[in-house]
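Following this message is one structure expressed as structure tokens.
Chain lettering (A, B, C and D) follows the sequence in which the chains are written, and residue indices restart at 1 in each chain.
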Amino acid sequence: MRLSVQESAFDLGAETKAFANGAAGAGAIVTFTGLVRDNSGQVLGMEIEHYPGMTERAISDMMDEAQARFALTDALVIHRFGVLAPAEAIMMVATAASHRSDAFAAAEFLMDYLKSRAPFWKKELGPDGQTWVKAKEEDEAALTRW
Amino acid sequence: MRLSVQESAFDLGAETKAFANGAAGAGAIVTFTGLVRDNSGQVLGMEIEHYPGMTERAISDMMDEAQARFALTDALVIHRFGVLAPAEAIMMVATAASHRSDAFAAAEFLMDYLKSRAPFWKKELGPDGQTWVKAKEEDEAALTRW
Amino acid sequence: MIIDVLYFAWLRERIGVNREQITTSAKTVTELIEELAAIDEGHALAFADLKSLRVALDQQMARFDSSLANTREVAFFPPMTGG
Amino acid sequence: MIIDVLYFAWLRERIGVNREQITTSAKTVTELIEELAAIDEGHALAFADLKSLRVALDQQMARFDSSLANTREVAFFPPMTGG
């Protein structure tokens, strides 16, 4: 299992390939990648604030929980902070398991928890100023399914 | 949308990166990769037979259906046939959407249909001979959720 | 009527060929299966258990009671195991 | 007791600092909030709507009625928007 909270960009292709190469024995790999949406020029970028220390601790706990609930052979979380341009990757999750249902469920579980329980705050940088992204009720509600 | 049914190996990292680069405007990308399981030397490889023509037609129909049901901005399916070594990638699915729930659901939908409705047949090559992989009842049952 | 009949996976192995041309007056898949099963022991064995058999007509999934009218290609195979 | 109080996102912007040291005898988060809200207008505004406020004690999520005993670091922030 690997967790990286980082300011620098990451190479989605290289990370995915390295994760798959390291997942010997697994039959199924699921990845999720979150990108800065590029709504036809309405978003100039995104700034992500986080809580150093708590971020790593909270995500590590989520990964331990995911491994305990699902039969994971490996997991990876990369999450960026700082200023990002449109279409840049904000974060990625990868899960490896013998069977696809575990790999899918674990990736969705990690995403639902990352959305609402990891201490990150997003601010959209638009042509008319900066706006803190509001938490969605549906994201909080998504946690009830686990 | 792109579909490739091919004998040659594919580069998971390069395919994932190219898909993400082409998914301008999407906020969420999900990939699934199926690997030949490497059960500590019990599997020497896998041979995949398919029905040329029907394979492409069946998968294209599934991709159209996925795009109609979920708000996909793009989708990719690569599936190999022929002889594969342990740990090699058998196939991959990638989906892009504005929101993660659509990207996840479409990837699971495509996987459930590929498992039971795309004309591929897997044969495991083991130390004691060759065995056709049996279809699982749970895979057929998985279709009822859509 | 002349129909191309295709076999895949263990059906192909039992029958020994992956494709054969059949001249038939069968109206449905079931009638065609009866004719094919009578060819020889390999065919009989391949069609012994219809529960583990699937059929496609001109590359579209079909049922045993489907009509063969205008069909050029019939494929028989076990349940698929892709993905 | 001396506590490090941290602010994130729009709470940090309203209060104007990301961290301050507070000497307090508050027993619970609620008592601490009452003290902080009295400091100035920025603090009062930041703590005006508790429904949109979350709290962590020593980097673990907590509740407003949680005890501050043995707590060294209290963080206030809006609902998280990661992923």
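We adopt the following convention: a residue touches a chain if its C-beta (ideal position, glycine included) is under 8 Å from a C-beta of that chain, and two chains touch if they have at least 3 such contacts.
Because the structure is a prediction, the values reported are computed rather than measured.
Common neighbours of chain A and chain C (chains touching each): B. Here the CA centre of chain A is 26 Å from the CA centre of chain D. Per-chain CA centroids place chain B at a distance of 48 Å from chain D. Averaged Cα coordinates give chain A a centre that lies 23 Å from the centre of chain B.
Within chain A, residues 34, 100, 111 each touch two or more of the remaining chains.
Counting partner chains per residue, chain C shows two or more touched chains at residues 83. Across the assembly, chains come into contact as A-B, A-D, B-C. On chain D, the positions that touch chain A within their shared complex are 6, 8-10, 12, 56, 59-61, 75, 77-83.
The touching residues of chain A, counted against chain B in their complex, run 11-14, 16-18, 20, 23-40, 87, 89, 98, 100, 103-104, 107-108, 111. Within the complex formed with chain C, the chain B residues making contact are 34, 49-51, 53-54, 57-58, 79, 90-91, 111, 114-123, 132-135, 140.
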